[in-house]
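What follows is a pair of complexes built around subunit A, which joins subunit B in one and subunit C in the other.
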Partner chain A sequence: MASLNLQTILDKETRKKMIPYMLIAPVIIYYFLFWIFPVLNAIIESFKSIEGVWTLGNYIHIFKDPVFYRALLNTAFLVFFSVTIEFILAFGLALLINTKFKGSSFFLFLAMIPMALPAVAVGAMWSSGLATRGWMNSVLMTFKIVDDAGKIIFLAGGNIASMWLIILIDAWQVIPFVMIILLAGLQGIGAESREAGYIFGGTKFQVLRKITIPMLKPTITTAMILRIISAIQIWLIIVMLFGFNRIPVLLEQVVLNVDELGSDFFERIGMALSVIVALIVSAAAILYLKVSGSFEKEAEK
Partner chain B sequence: MHRIIKRKLLRSARISSLYIIVAGIGFIIIFPMFFLFSFSFMSDYETYSEWPKPLVPSFRAEFMIDKDAEGYHLHIYNKADGAFAAFGPLFFTRAGEDLENLQKFIKRQANCAITPSGIGEQLDVVDKEGRVEFTLKKEFLANYILFFQVTRDAPAAVMRSLMVAGFTILISLSIGGMAGYAFARYYFKGKNLLKLSVLFVRMFPAVTIAIPMIIILARMGLADQPLGLSFVYSVGQISMNIWITASVFMAIPVSFEEAAMIFGTNRVGAFWHITLPLALPGLAACAMYSFIGSWNEVISAVVLTQFNPTFPVVVYKSLVGTQGQINLVTAGSVAQALPAIIFTLIIRKYILQMWGGVRV
Partner chain C sequence: MATLQLIDLAKRFTKKVWGVRKMDLEVADKEFIVLLGPSGCGKTTTMRMIAGLENVTRGTILLDDRDITDIAPRNRHVSMVFQNYAVWPHMTVFDNIAFSLKLAKLPHDVIKRRVRETADMVRIGELLKRLPGQLSGGQQQRVALARALAVKPKVFLLDEPLSNLDAKLRVNMRTEMKAIHQQTEATSIFVTHDQSEAMSMADRIVIMKDGKIVQIGTPDDVYFRSADMFVAGFIGTPPANFFKVLCSYDSGGIVLKHTHFKLEIDAEKYDKLKEYNRKEIILGVRPEDLLIASEDKAVFSEQILVIEPQGSHQVVALSFEGSIVKMVIPAGIKLNHGDKIGLDFNRERLHFFDKETEKRIILRQHLV
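Showing the complex of A and B:
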């Protein structure tokens, strides 16, 4: 009798252990079919010449190209500043909306619209605005802030100025995205734990630092990782404002090679470049997880 | 007494500063979008010949015709200059061909409709009085109509895009949500590594995956089809949905499920009756991200479609073709943005439940 019981318990235990793997199995199967296959294919092709001979030529071609290093620097600059600025502003905004003022639901909808705008629309919006004869200068002139001679030439700035422009435009579109993830996290925490903090005499800042942010850690990690990954892959807005090759970034170079130039040779260059991009993104994500201590936290559990 | 007044003052100061900040942010959000919208209703003349450009499109255009020894001259009122300016051909006559060309020119440049005989009537007045001024109503949706005429495939492409988005939501939310639940609720070997490697999927540029995918989809008989495209889109969406749903499920205490299980339901029942309703807002947000991601994606679709393009591809290609026609470009952009915005509006209700509606 006792042994039978033990048997069923054991069975139950193993079955329980199987559940998470069963839940994850579809993802693994899916990724095997639709990701590992094409990616392996692309990696293999990136090590082959047009004639199908194994070679490092594609990578050497990239590393000899000065544009690649500019793209690398620009991307690093873009990712670091855009992710930092976007996170700080989005977090502030999420805390603000979380106070639930009158009209906050409408405000949330408003904040979500930029996120829903297609990249092409965002590109059209800003290129029509930042052109020397665009709506930005039209507004300034209509309100007599500048005269015709004083038109601001937005798009002719140097590399750094243009990068800041891109960071601002990206922030305009992406902050709502980060904000909603953070807001969802804040909702999950609930007001009780914060109220407890106040009852025990905490100031607003202390409660934020000691209670809200630590409890929000998993959400923050999610938001940051997703942002780091997509910030590295910003390209369409840059191409729509500046065209290819003027403000090179990594992914713009990939698209340029794969789609724009498109011949067999450049396709392989694009694939090699993609491998490099993937390595860099992974390194950045792992670095973030290490620095933020997400690994240790999971290990404690 | 004094203290109460002081506190009230402080409170109202805090509230008004909150609203000032909110209004400021709202302004920053609306300001550029207003011009995207505004430009999409402007005629070529308003967009290119008036400087500074009008900030709002006009509903009508004013014309003036006068005549001299050469023939008749057409002018249009330039709002920026505050005066009539020469418009169209140097001069024209009453010949039928001239009037037809003029009709086309006015339609194309000023988005106004007038028949050749209508022009003829105005010319009668010119003959009598030496000059005539008349106002025509602008066809307000002219850019949109032109955009859908130029891109004849647009309605079918919209349908295909909706299908792609629907499939993508279905695939990525079911597969991603299941895994997200596993990551949130269970501890198992390799959890960290798995959760991280799921993200690696997004790290390889999607454009590059699209190229080998052409062959894979062709083997499956899904090349150039909405379902095939949604398989590609789901790759990125699944990994994002896993991370979002994982944090959504994590926020719902396990104790709720355990309590339900004590009262006699099993894990599935507890999930179905307790966790899922609580997680619904987060899942809705996931669906929204998937829709937007799929609806707005261009570059993989450019690579992967041939005869059955999605709507963004149609817009993208027509925009690349009409370089400089910014009023047409904006009309196409607004047309493409509209469904995503409407979808956001619908799904907003569920996202709102995140705060207030559901107490976790």
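Showing the complex of A and C:
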């Protein structure tokens, strides 16, 4: 009798343990069918020639192509400056809104509008705006900042100028997103921690540096990783403004090879490129975690 | 070495919401003042104005006769213990306590010594290397206390510092904080909504209601000479009982007539009540001033509703005219609920209040 009892108890416990697995099973199946399987397939295909022979040829082709290095450099430039600028501005805005000045909630609402727009709409809006006969020049002319002869040809600048334009547009769209994450973090800290800082001798700046930012650290890390990952993957706006191959970036090259050129050969190049992009994204995220983590240890000393 | 003055201080949050309507208070050097009042009466707002965390709408704050009304918090020499401790979770206990000292650019060895001293004073000397997340609530409370003591402030503000602790710890901390105050002699303002905490700790109690001061006085003042019915009904466990009586005065003496009893009192002693002849007044009686009396001497009799034994004494509740009357009697008297007992008043300690203004009717005896 006793052993029977024990068995039913065990049974119950195993059944209890099974519940979470059963709950996530559909997700795992979905994951396998629609995500891991295609990804694995792409990785395998990237190591095969058109004839189906195992090869490193696709990768060698990419590494010999000067456009790849331009794309890499451009992407790095965009990621570094856009993430930095966006973060600083978004943090400033979050601090401002967190002071709860009169009308701050309306301002928050206004600031969120760009976030609600899909990337294609943003691209369309700016490409029509920045065209030589676009609304940007009309506005400038209305305010007599430029005249008809002096219309600015926004999209004809050199590589660097074009990239600043891209950063500007990206920042316009992304700042609200970063700001909201940071704002949520700030509100989680609570005012008393900061107020204690003021009472115990801190200036605004000292409290920001020694209390607010360290306490906001987990939020900052989350926001930064999300931003770095999506900044590496920027392409749609660039293509909508400049077309393919004017300002090459990594993901734009993937799309170009897979969708535009589209032959069996280029498709494989595209797959190899996606593998490289995926590796870069993971490496960047891990690197950021490592670097911010070691800063933390330094601060503790 | 610090005196604090609040002069006509007020804080208005919005058109309709006042945090504090009017505060006039002088705190003497080394004094331990307790702000006492129900939740929402403006205690925290007062503290935050003194600390500089809240702009004042009207009035002046003087610290050692210097006007600090518009000075930044960090330049006020005031320190504060928050209700939720507000210790910084990313700093060790040492760094929490040393924060203000480091910003004041004190030499390294001075900082170390000062942190050690204050940590030992609140008995967390062993915990200096820990992060607050690894400490219990009571220990975090001590960190907040040490952090506030380490600066050697002119004024020490404590906003309900004990309200998040469990009952036993709270009573122990009372004693400990009072001992710390006797040691540091820092001018202190302590906020609580717990009247027994206030009574046991204060040099003087400031009782607040709806953003205004109702009474300032020693624990004895507010208990034995409550300024109005609010104070008498707020202070004491249990608080005072009230009876509406008609006061009639004739050559024989003063008689207080209640619908259920009649009480004759010494006309000479309660001389002042002559002014209330044929008027209704409120009689206030503390629970320990209700006495059990034999049937022939009883002013009135009533059945016992509930008995609450407290160890050292018992609280007896009677249902009287639709409300509850509570009395305190010594332990050891055997009574059961349902028993009918006769009651008398301790005529030496009766309180009288004006029925309209609810203010205390001041009798001659208190002037002697």
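Simple rule for what comes next: the second predicted complex is superposed on the first by the 259 of 301 C-alpha atoms of A that agree within 3 Å, B and C clash if a C-alpha of one lies under 4 Å from a C-alpha of the other, contacts with A are read in each partner's own complex, and residues count from 1 in each chain.
Keep this in mind: contacts are C-beta pairs under 8 Å (C-beta built on N, C-alpha and C of every residue); 3 or more make two chains touch, one makes a residue touch a chain.
Just so you know, these numbers come straight off a predicted model, no measurement behind them.
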Clash or fit (per the criteria above) of subunit B with subunit C on subunit A: fit
Subunit B versus subunit C as contact partner of A:T203, first or second or both or neither: second
Contacts of A:I85 with subunit B and subunit C, given as first, second, both or neither: neither
Subunit B versus subunit C as contact partner of A:S193, first or second or both or neither: second
Subunit B versus subunit C as contact partner of A:A76, first or second or both or neither: neither
Partner chain in contact with A:N98 - subunit B first, subunit C second, else both or neither: first
Partner touching more residues of subunit A, whether subunit B or subunit C: B
C-alpha centroid angle, subunit C to subunit B via subunit A, nearest 10°: 90
Subunit B versus subunit C as contact partner of A:G185, first or second or both or neither: first
Subunit B and subunit C, minimum CA distance [Å, superposed model]: 6
On subunit A, the residue positions that both subunit B and subunit C contact, one per complex: 190
Complex contact set, residues of subunit B against subunit A: 15, 18-19, 21-22, 25-26, 28-30, 32-33, 35-36, 38-39, 51-55, 171, 174-176, 178-179, 181-183, 185-188, 191-192, 194, 196, 198-205, 207-209, 211-213, 216, 231-232, 234-235, 238, 240, 242-244, 246-248, 250-252, 281-282, 285, 292, 295-296, 298-299, 302-303, 312, 315-316, 319, 326, 329-330, 332-334, 336-337, 340-341, 343-345, 348, 351-352, 354-356, 359-360
Complex interface listing, subunit C residues touching subunit A: 51-53, 72-74, 78-80, 82, 84, 86-90, 92, 99-100, 103-104, 147, 151
List of subunit A residues in touch with subunit B within their complex: 17, 19-21, 23-24, 26-27, 30-31, 34-35, 37-39, 41-42, 45, 93, 96, 98-101, 103, 105, 107-121, 124-129, 133-135, 137-139, 141-142, 148, 172, 180-181, 183-190, 218-219, 222, 225-226, 229-230, 233, 236, 251, 254-255, 258-259, 267, 270-271, 274-275, 277-278, 281-282, 285-286, 289, 295, 298-299, 301
List of subunit A residues in touch with subunit C within their complex: 190, 192-193, 195-203, 206, 210-211, 214-215, 217, 300
